[in-house]
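Each of the next two complexes has chain A plus one other chain: chain B in the first, chain C in the second.
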Partner chain A sequence: MADAKKHTGRAVVVLVGLVVLTAPFWMSGYPVYVLSLVGIFGLVAIGLNFLTGYAGQISLGHAGFFAIGAYTTALLTKKAGLPFVLSLPLAGVFATAVGAVAALPALRLKNLYLAIATLGFGVVVQKLLFEWQSLTGGGAGLEVPAPRLGPIVLSTAGHMYYLILAVVILGTWAALNIARTGSGRAMVMVRESEVAAGCLGISVAKYKVIAFSLSGFYTAIAGGLYCYLVRYINPESFNIHMSITFLSMIVIGGLGTIPGSLLGAVFYVLAPELFRGIKDAPGLVFGLSLVVVMVLMPKGLWGFVGRLWRRA
Partner chain B sequence: MFFFSLIIGGLASGSLYAMVGIAIVLVLQASDIPNFAQGEMAMFSTFVGYWILQQYNVSWWSAVLLSLLFAAVLGVAVQQLVIRPLLGRPTMNLVIATLGLNIVLHSLAGMIWGNETHIFPSPLSDALPLNVAGLTIPPMNVFIILVGVALILCLTFIIRKTRAGIALRAASQNQAVARLMGISINRAFAVAWGLGGLAGGIAGVLVAPVLFLDTNMMGLLLIKGFAGGVLGGLNSLGGVFAGGLFLGVIENLMGAYISGSFGEALVFLLIIGVLIVAPEGVFGRVRTRKV
Partner chain C sequence: MPCLEIRGLTVDFGGIHALKEVSLSARTGQIVGLIGPNGAGKSTLLNCISGLTRPTEGEGRLDGTDLFSLSPHAISRLGVGRVFQHPEIMADMTVMDNLLIARNRFLKYGVLAELLGLPQVRRQEAESRFAAEQVLMRIGLPDIGGIHAGSLPYGHRKLLEVGRSLLLGATVLLLDEPVAGLNEHEIDRMATLLAELRTGGGLAVILVEHNMGLVSRLCDEVVVLDIGKVIARGTPTEVLNDPAVLLAYLGEG
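On to the complex of A and B.
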């Protein structure tokens, strides 16, 4: 019995792995593009989950980090002439620094107060991008050419897909390790009780700053990839709705779990695609599915999968 | 003079923020849930009022009264059907459920009434602008401010003096003890959601004649309501009201004197600054917690 279960589990993992690895060979451009989006939002979800799921700090401003990543990567590549492979991690580093600064209000704020402060952060970033026209192009947006990796131009959807896949695999592996080693556990402790964390010698302030920075890093890397997948960015799209959907993504997937983050991204990108066929109702069905998932699956999709698995 | 008319305009929009903020805080205080669907609930009930006006030959006041009744019933219905089964779950789950509800109501209204802009009649369309000491004041602004003040006074009275209000306060302080005193927690929460729906609905029918009526009209108002509430402090209705008014005025002044489009960002920078100094809002009490 247990053996059969193990085999099924392995079969599912291998099957998903095969599909993911070979997708561009047998799928047309659009599904590959959609899968790339899943990867990008998966990175965002992992980043936000460190902050909200692990460290327990709510953020309604992550569209700001996403925008910072997208614009920094684009501007460093386009205006400063740096190679894409360099500008992407530099954007991540920049967002890490911004995250450390954005963490400062969080040292004193909680719950809804923190939510509004982070929401303010997102608004400020968005308005800055709108207003700083000489740098960002303002409301007209910014177009970017196909990225280059050394001599190779990543011109097709398949190329970008493999780049994103590589980053997602690397990001997931790193996240799994961070989550189960010291920093990850310290963050969980901060979430559970700041007082108890302090008593154990965990510096609450330090780990809040780490959580914000780490979260900013992942989200900015995703933003940089997004910019070069879509090839056009506009400050308009990095709005509050984006931050809110990021948050719903991780709660739907499962707070405080790395696989849940990826599952949430899958749901967030694929659900509206699936409901597109239903006339006039994609919003209605998506909204209803958020409510239904919350009512039926208190620990999100990943928790639900786990429950099914144990019952099977 | 320009300065004073900015202040009056700010007080009017601030009153609207305050009403939404009060709606949010009523629910938040009672059941600990930040209701992100509050804005769309108000939008929906305003549309119902609009629909009644279009379909039946009734006066503005009776249509609005029916719309507010609907708003209160919708509040109770949401609490009973969506929130009640979720009680005891982590707050984040409830937040996402209200966000889902927000999306549902938004697209439902779009399906029923379309996404175009409608014109919602004003009760004071015949009234002449008021002239006070050389200052021209739109009558609707005065009306909004007066309704705001009346609402806060009524709600404070209800919560302080009536049986339902006392039950509500007891339930929000300690559910177990309140239950032992024979208070139905479920009914107290229903009252809070009903009152919240009502307060939001009032903001809806007041903002629709000033701006326009469409499915997006409450989106920004909801965020400003939250922001005003947080600024004032979420644990007193008076604080929320003051926070909303302050937000409206400061936003108007910054928009006019500093930068129209960057004004909003400056407002949020200010809010963040204030919160760093006063983490529970200006009028909020910092709760001390025993470990």
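On to the complex of A and C.
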């Protein structure tokens, strides 16, 4: 019985792995684009999950980090002519620094009060992008050149797909590393009890800053990939709706888990595609599906997978 | 030479004296009981030592280092362990993770090294795990490192908190009612552990407790607080027969 279970699990992993690795070879452009979006939002979900799922700090402003990543990458590519191997990490580093500053309100505020402060962060970033026209092009938006490295230009959907896949694999591996070691545990302790964390030698302020920075880093890298994928960005898209979408992803997928982050992104991007065929009411069905998932799976999709696995 | 020394500690909460000129000291190898009726200020005193409450006046030193100017994490990093009245554990993480959390002060790697899973991180993790296994044996709960802390019975959670302080490398242990809510068997287990820790050396313990049996059995010295003031101190026998103490506990008549 246990053997059969192990085989089934392995078969599922191998199958999913094969599909993911070979997708551009047998899928048409649109599904490959959709899968690329899953990867990008998966990175955002990992980043936001560090902040909210692990460290327990809510953010309603993560579209701000996503925008910072997208615009920094776009401008470094367009105006400085940097290859993507530099523009993406630099966007990540910049967002890490911004994250450290954005963490400051969290040293004083909690829960709903922090939610409003982070909401403000998102609004400020969006307004800055609108107003700073000489740099960002303002409301007219910004066209983004294809990512390049020397003579290599990633011009097709397939190229972008593999770049995103590589970053997602690297990002997931790094996230699992940190979740399992000192900082991952310290963030969880800060979430569980700041008082107890302090009495265990953990600087609450330090780990809040780390959580915001790390979260900003992942989200900005995702934003950078996004600008390369869509090749045109506009401040309008980085709005509160996007921030709430990010938050929904990690709750649906499973708070405080890395695989759950990815599952949340899969659900959030793929479910509306599946419901697209339903005449007149895809939005309605998708909205209801959120309610159903939360009611039936309080620990999110990953918690549900775990429960099925134990029961099988 | 006293390890922990508190002198003239006064805490005002909006004009009310929670503590008034309280002095207390604990040497390594000593268990000092801190008793008194509810509201006497026992937890406030522990909170001052932990850095959670800022004293209005007074001096607190650990081996000469001024405690009252430090933040909670800086104080715990000096080796002050705290066991809370209600166990503060990470319920959806393993017992092992709940122990390893106390190793934070010893970590010598940064976030970047963690992300990249560098060898030094893995080496330190392995060392910490080994230390945690030793602690699990010491608190009498070997082989439970892999289970979820949330599934532990209450008594085991309390033992786990003591173990966590040991892994912190505590030289001072502040225990806030460690046996409240435990059954006879669990109380006996906790008492045995605390007695062993005293003989093991290296630890000064402040024990806040209502269970007088445990206080008499373990404490070298007992300090009695009532409405923020020390009303008696001495050996358990002296203190528990002191008329002023009986009056504070039982009321007049």
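Simple rule for what comes next: the second predicted complex is superposed on the first by the 312 of 312 C-alpha atoms of A that agree within 3 Å, B and C clash if a C-alpha of one lies under 4 Å from a C-alpha of the other, contacts with A are read in each partner's own complex, and residues count from 1 in each chain.
Rule of thumb we're sticking to: contacts are C-beta pairs under 8 Å (C-beta built on N, C-alpha and C of every residue); 3 or more make two chains touch, one makes a residue touch a chain.
This one's a predicted model, so the numbers in the text were calculated from it and none came from an experiment.
When both complexes are overlaid on chain A, the residue A:186 reaches chain C alone and has no touch with chain B.
In the overlay built on the shared chain, the residue A:155 is in contact with neither chain B nor chain C. Shared-chain residue A:204: touches chain C; no touch with chain B. In the superposition on chain A, contact is made by A:256 with chain C only, not with chain B. In the superposed model, A:195 makes contact with both chain B and chain C.
In the overlay built on the shared chain, the residue A:214 is in contact with chain C alone; chain B does not reach it. In the superposition on chain A, A:178 contacts chain C only, with no contact to chain B.
Of the two partner chains, chain B is the only one that A:119 touches; chain C does not reach it. Common to the chain B and chain C contact sets on chain A are residues 195. Residues 50-52, 71-73, 76-77, 80-82, 84, 88-93, 97, 100-105, 107, 109, 111, 114-117, 121, 125, 164, 168 of chain C are the ones touching chain A in the complex. Within the complex, the chain A residues that touch chain B are 52, 58, 104-105, 108-113, 115-117, 119-121, 123-124, 126-128, 130-131, 195, 240, 244, 247-248, 251-252, 255, 280-284, 286-291, 294-295, 298. Here chain B touches chain A in the complex through residues 28, 34, 36, 82, 85-86, 89-97, 99-108, 110-111, 223, 226-227, 230, 234, 259, 261-262, 264-265, 268-269, 271-272, 275-276, 279-281, 291, going by the rule given at the top. Note for the complex: chain A touches chain C at residues 173-175, 177-178, 181-186, 188-189, 192-193, 195-204, 210, 214, 256.
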